[in-house]
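Note that the chains are named A, B, C and D in the order they appear, and that numbering of residues resets to 1 at the start of each chain.
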Amino acid sequence: MSDGSGFTAMAGARATGEAPEIGIGMLGYAFMGKAHSNAMLKIPHMMYPPPAIPVLEAICGRDQEATAEAARRFGYRNTYSSWEEMLGNDNVHVLDNGGPNNVHAAPSIAAAEAGKHIICEKPLARTAEEAKTMLDAVNKAGVKGLVAYNYRFVPAIRQIRLLIDQGLLGQVYHFRAVYLQEWIMPHYNLPMIWRLQKDVAGSGALGDLGAHIIDLGRYLVGDVKSVSGMTRTFIEERPWDDGTMGKVDVDDAFAALLEFENGALGTVEATRFAGGRKNGQRIEINAEKGSVVFDLERLNELQIFWNDGDPNTSGFTNVLVSEPTHPWWENWWPQGHIIGWEHTFVHEITHLLDCIVNDRDVAPIGADFDDGYRNAVICDAILKSAETRRQVDCVY
Amino acid sequence: MSDGSGFTAMAGARATGEAPEIGIGMLGYAFMGKAHSNAMLKIPHMMYPPPAIPVLEAICGRDQEATAEAARRFGYRNTYSSWEEMLGNDNVHVLDNGGPNNVHAAPSIAAAEAGKHIICEKPLARTAEEAKTMLDAVNKAGVKGLVAYNYRFVPAIRQIRLLIDQGLLGQVYHFRAVYLQEWIMPHYNLPMIWRLQKDVAGSGALGDLGAHIIDLGRYLVGDVKSVSGMTRTFIEERPWDDGTMGKVDVDDAFAALLEFENGALGTVEATRFAGGRKNGQRIEINAEKGSVVFDLERLNELQIFWNDGDPNTSGFTNVLVSEPTHPWWENWWPQGHIIGWEHTFVHEITHLLDCIVNDRDVAPIGADFDDGYRNAVICDAILKSAETRRQVDCVY
Amino acid sequence: MSDGSGFTAMAGARATGEAPEIGIGMLGYAFMGKAHSNAMLKIPHMMYPPPAIPVLEAICGRDQEATAEAARRFGYRNTYSSWEEMLGNDNVHVLDNGGPNNVHAAPSIAAAEAGKHIICEKPLARTAEEAKTMLDAVNKAGVKGLVAYNYRFVPAIRQIRLLIDQGLLGQVYHFRAVYLQEWIMPHYNLPMIWRLQKDVAGSGALGDLGAHIIDLGRYLVGDVKSVSGMTRTFIEERPWDDGTMGKVDVDDAFAALLEFENGALGTVEATRFAGGRKNGQRIEINAEKGSVVFDLERLNELQIFWNDGDPNTSGFTNVLVSEPTHPWWENWWPQGHIIGWEHTFVHEITHLLDCIVNDRDVAPIGADFDDGYRNAVICDAILKSAETRRQVDCVY
Amino acid sequence: MSDGSGFTAMAGARATGEAPEIGIGMLGYAFMGKAHSNAMLKIPHMMYPPPAIPVLEAICGRDQEATAEAARRFGYRNTYSSWEEMLGNDNVHVLDNGGPNNVHAAPSIAAAEAGKHIICEKPLARTAEEAKTMLDAVNKAGVKGLVAYNYRFVPAIRQIRLLIDQGLLGQVYHFRAVYLQEWIMPHYNLPMIWRLQKDVAGSGALGDLGAHIIDLGRYLVGDVKSVSGMTRTFIEERPWDDGTMGKVDVDDAFAALLEFENGALGTVEATRFAGGRKNGQRIEINAEKGSVVFDLERLNELQIFWNDGDPNTSGFTNVLVSEPTHPWWENWWPQGHIIGWEHTFVHEITHLLDCIVNDRDVAPIGADFDDGYRNAVICDAILKSAETRRQVDCVY
């Protein structure tokens, strides 16, 4: 198994037969439930030998029929309609919290208190204050907590981090990131959904998409000192299924300037009103020794420019990230036989299993609850800046 | 389940619980064994509801330890070192033949004679003559035979075929395809391997890579009437593991002109001496109403040009093939969350299961043994042309 | 001659023999002097029939030898070391002001007062206040004043404007622009130059690069209501030729959020610290009916996405802007035979000649002095925002 | 002046005032007449200091009115309707032969006999036999003869040749080139024109487009030993202006395999039936030490892959060919400020002037008449191969 750390020595790796089983309790059965379940079923034979075997012990959801169907589909052994009850199952060692944002805190805190490890979907919470209670809980309990900022587990992104750790980029001048989607534009005729409600989601494009690129900024550049932000809500009312109109009280789009602690200048922007951008996350770093560019819609590729090259033959090099020495790639296919978005979860959950079994730190390879909390502080500051029309310091 | 046919009505789809189990007997445990096993383990929960549940009944290989390890890894119930014995297992309903090319014919014919269905890796055989014996066997036995030309199962390729079937491209003028790799170039210091031996592999880049793009030419344009070819072997000797030198008696590269029966002009070329091309398959079709372009290293993308567009806003449109209505995409993720190379096998094996359970034809969605045979006729003609320096007719 | 207006009827076009001659007085002989002179020599035979024949009447510079050399090279009839004297030449009908930013105001105002038309390099002035005096002067004199925001004269940019004017994009949600260069990064070992001095240049990357994309934002989206900005100076001292150190008191980089009057959200960023970005101007607009993207390093290309397309075949269309019906293209070459950066000046100066001869308005095809002034207001507001850490309204 | 040789020492360069004048006699006033005239007018001030000043002495064409108009437009001093008479003008030192292919031989031979240098549009002649008479004539007369294979003068192409000359690519394995256009496809409703007549043009896509990529193959890889070819004529009759139908007796498309003398395998293909390909020339070389790719529609870019790079950061590097050290670039603009197609002629004609004034060889920087002849031998062999269905040796 490659652990993405840039080298592949796995002295302690265990053959499948010896790998411990770790019971998973899944909260939620929709998009993220599907992505996480698929990943967990793949780990035993593809991240081979796996650090542990994830056992699909339990799944919990409000809709009993849908929950039962998900259990049949993925092979979950037990179904629950109450997460409190699921957490009472002693064979559940890890809570995988894929519920809406307003259901992140309470189950995660309860899980920590019950000594269970946690994967929590991002953003960690609706506000920094709420996130802080979760951080405190995992710290107090001493359990592993991973926030599912899965793009840290794209091999190309991990490769960028390794280049930075090796000092190959030097001082960072610029971090530039956008995350553009289109699925709530007028021509989609989308009704009201929980993601557009502040009391459920916390924020809109900011928490859903912006939080991802803010995490990548923190992962690759460092912490953020202050921000200036603006937000927009282009469609202010949308119909509920029953025909009544609901008020959209989150941002359809936001943009922010970031002052990093190390002096780098950052820009981040996310919107769901960018026609043609399906999953348009793009980041660029310009640094003392070179530049790197990543585009999520071409997640197997990485562009690199070295400042010290011969001008006659210099330019951005398009690396097809699929060599055996690339992060996690020894688990996959021959060069050029690309992997997809779902593979990020395979790497991510394997990493958590490794952290649990071998008592390693979730960060920095993964985002831990401290990362999740700091991210929330930045998001809160952006909203406050947009509201007050002032640059706002991030106070962690 | 989406069957890639361009519509999603699946009146006969069955829920998992009701899906029949179909026992798989895998011959080979290396590259293709891994790719196929991974796909089969994914089908039950991702091609949902699946037409059938593939059961990993048996695996067979010459190296007992490696075979046992593969069985542990993927969960095969039984191991064999003799394919004859494996075929004697009544719970094996399908032979998945992933062995070297010289082990395609005998086991496949025996499987057919035993009434088992067959997935056979490509090329179907080392020569057209050999392929014909296999075609005759499946025809006589009335079993399903699929040749694993898996690129038919790339959603973008399937989408091109659907555009053609709908008449949207019109008369094809040009088919232009290359398949470029680099892994046997001097800087790899590759020793002698079976893929470079004519008596095992049949041919070199031609049968390994060229056969894929010839299959796509046949799938998208039609049958081939005559060919002109040239071949090259740049490194004529390579060391065996024991230090003795082995003679490379296959092509390191080939190029050919194709005269299609419908009048289209084709060019196909494959090489393993193209530095920087990791899995560089690229095809382009120019037709009466438009052009299409596909690049395997960006397999989620498809470029289309329509000849009748407004010149002011016309150009090649880069379609990110990831919409719910794209072939097989309803099984996967939201738009822009791309899939990888391994997914082609998921689609392919699901298709075979569907053909078996619902008695559908393997072709044209998949390549059947007749496709495999005709492909071999074209490959033979290319080699003959290169040798005789003449244009050679394809006689099927 | 195509005037870029989207139609080519030029009822009043005159054959060369009949075209009036218009005398040009060039101030400056460096980069912009070369670009403008080259363009003027090209107009008579390539923008054919031209609206007027530019006559290279005079050139003025401080360095007499260099000025004389430029005159010999391009064929200027007279040389001056004083712009006041050059403006006294009655055969000079147009002042082409290509001097440093601190030499924009006085000569331009004097030219206006002398009844001469003006092309002034951008930014119009070092501050909005200074720009206002220039705007007032041309308004009072009734002469034509064009600010050389030459990217309005890229055919692809003009094509975007025509799409917008025709209502094909609808309400704009986002304007996103960067202008990235690398030529003052550490590895260039650049000494102190006037572009890094506030009293000469007014600002750094903001006025040099940012002003261009702000102009494109105004040209394509509309006026700006308020801004939030941040700036950075990464290298604070650089050596003069004499070895003493000079203080860099302008921005090496800036980023800003723009609130457009029509509600669109904008981001603009410029830097000279982006390794690998040679002339990296990139703009993207996301609107109600579609999106457009432009990249200056590929200035013959334009990407368009239409929101109402068939999802199966939709995507960004890469238009090679080189058709006879594209703006200004009837003057050039067959489709696909691309033009370069210098051609923007050919279009721009031809437009000014046309405005002079046929008494047309410089704007909106070109940027007039009002555009130059408003641009300066926005730049000033960005600097003020960066300093005060507040969102700043643009007061015109 | 940069001479594209990879270094810029121009000890013998003369200032404009001292540069000799060389009189040009232009035959033809259409596409190539415009491109060449534009280039010649640009040389004195942009390829500065120029090796010589081209004087537009005379222009000759069958249509007197059009010829007179071209003379007015570009400033030709004299007009002729007979090329024999034009050649009698002693101030014509160079014949620029831009006429149809059937008017290449006689005027060029007569010019050589009159001691005049020659630029002849490509292909040099309709057949190798005809080309040989022209080659013999210039050899006998000792005049300079340049065949206008202008793509040798694209900076990126020249850069590739310099890399090869420096041994940086090593042994070439593959040359792969296509030249695709669309302008005679059905939706263009193109009438019969001279380019579709064998007795005027010699061949179709082969001589018009294919000859260009064959020249690049010879320039970059070496001479060709044998070929296999196929041709297609998709539309066999087209209407003349008078409504009668004319027979298209040239190829609408061709493809050929090339056996190079050094063992490399080549493929070349050209067509005018490739929808969406406006000027789609693309070449790729795979060699022992690396690969290079060039695309004419992005002529300022060059892709390079080095085989010996670190796999973690290797890939195709996209070089924006616009640095001061790139061939001919010191004459142009700052990095990233791209040039266009027309600039190839500026470089080409400057090279010829340099060869004339300083008695240098036209080849290998430019294509001389021997290159033109050998190219014709290859084209003839391709046609013969297509007809005889055999691989044909190239006999020079």
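Convention: contacts are C-beta pairs under 8 Å (C-beta built on N, C-alpha and C of every residue); 3 or more make two chains touch, one makes a residue touch a chain.
The model shown is predicted, which means the values in this text are computed figures rather than measured ones.
K.L.:
Using only Cα atoms to place each chain's centre, name the chain farthest from chain D.
P.N.:
A
K.L.:
Is the C-beta contact count larger for A-C or for B-C?
P.N.:
Higher contact count goes to A-C.
K.L.:
Nearest whole angstrom, what separates the Cα centre of chain A from the Cα centre of chain B?
P.N.:
35
K.L.:
Report, in whole Å, the distance between the mean C-alpha point of chain B and the mean C-alpha point of chain C.
P.N.:
Roughly 54 Å, centre to centre.
K.L.:
Indicate the whole-number Å distance between the mean C-alpha point of chain A and the mean C-alpha point of chain C.
P.N.:
Comparing mean C-alpha positions, chain C is 42 Å from chain A.
K.L.:
At least two other chains touched by the same residue of chain C: list those residues.
P.N.:
277, 314-316, 320
K.L.:
Report the residues of chain C in contact with chain B in the complex, numbered from low to high.
P.N.:
159, 163, 301-302, 304, 311-320, 323-326
K.L.:
Taking the touch rule as given, give the residues of chain B at its contact with chain A in the complex, in rising order.
P.N.:
15-17, 31, 35, 37-38, 41-42, 44-46, 48, 72-75, 181, 183, 277-280, 296-300, 320, 322, 332-343
K.L.:
Which of the residues in chain A end up touching chain C in this complex?
P.N.:
Going through chain A, the ones touching chain C are 173-174, 176, 178, 180, 182, 185-187, 226, 228-230, 232, 234, 253, 255-257, 259, 263, 265, 267, 269, 271, 273-277, 284, 286-291, 305-308, 314-316, 385, 389-391.
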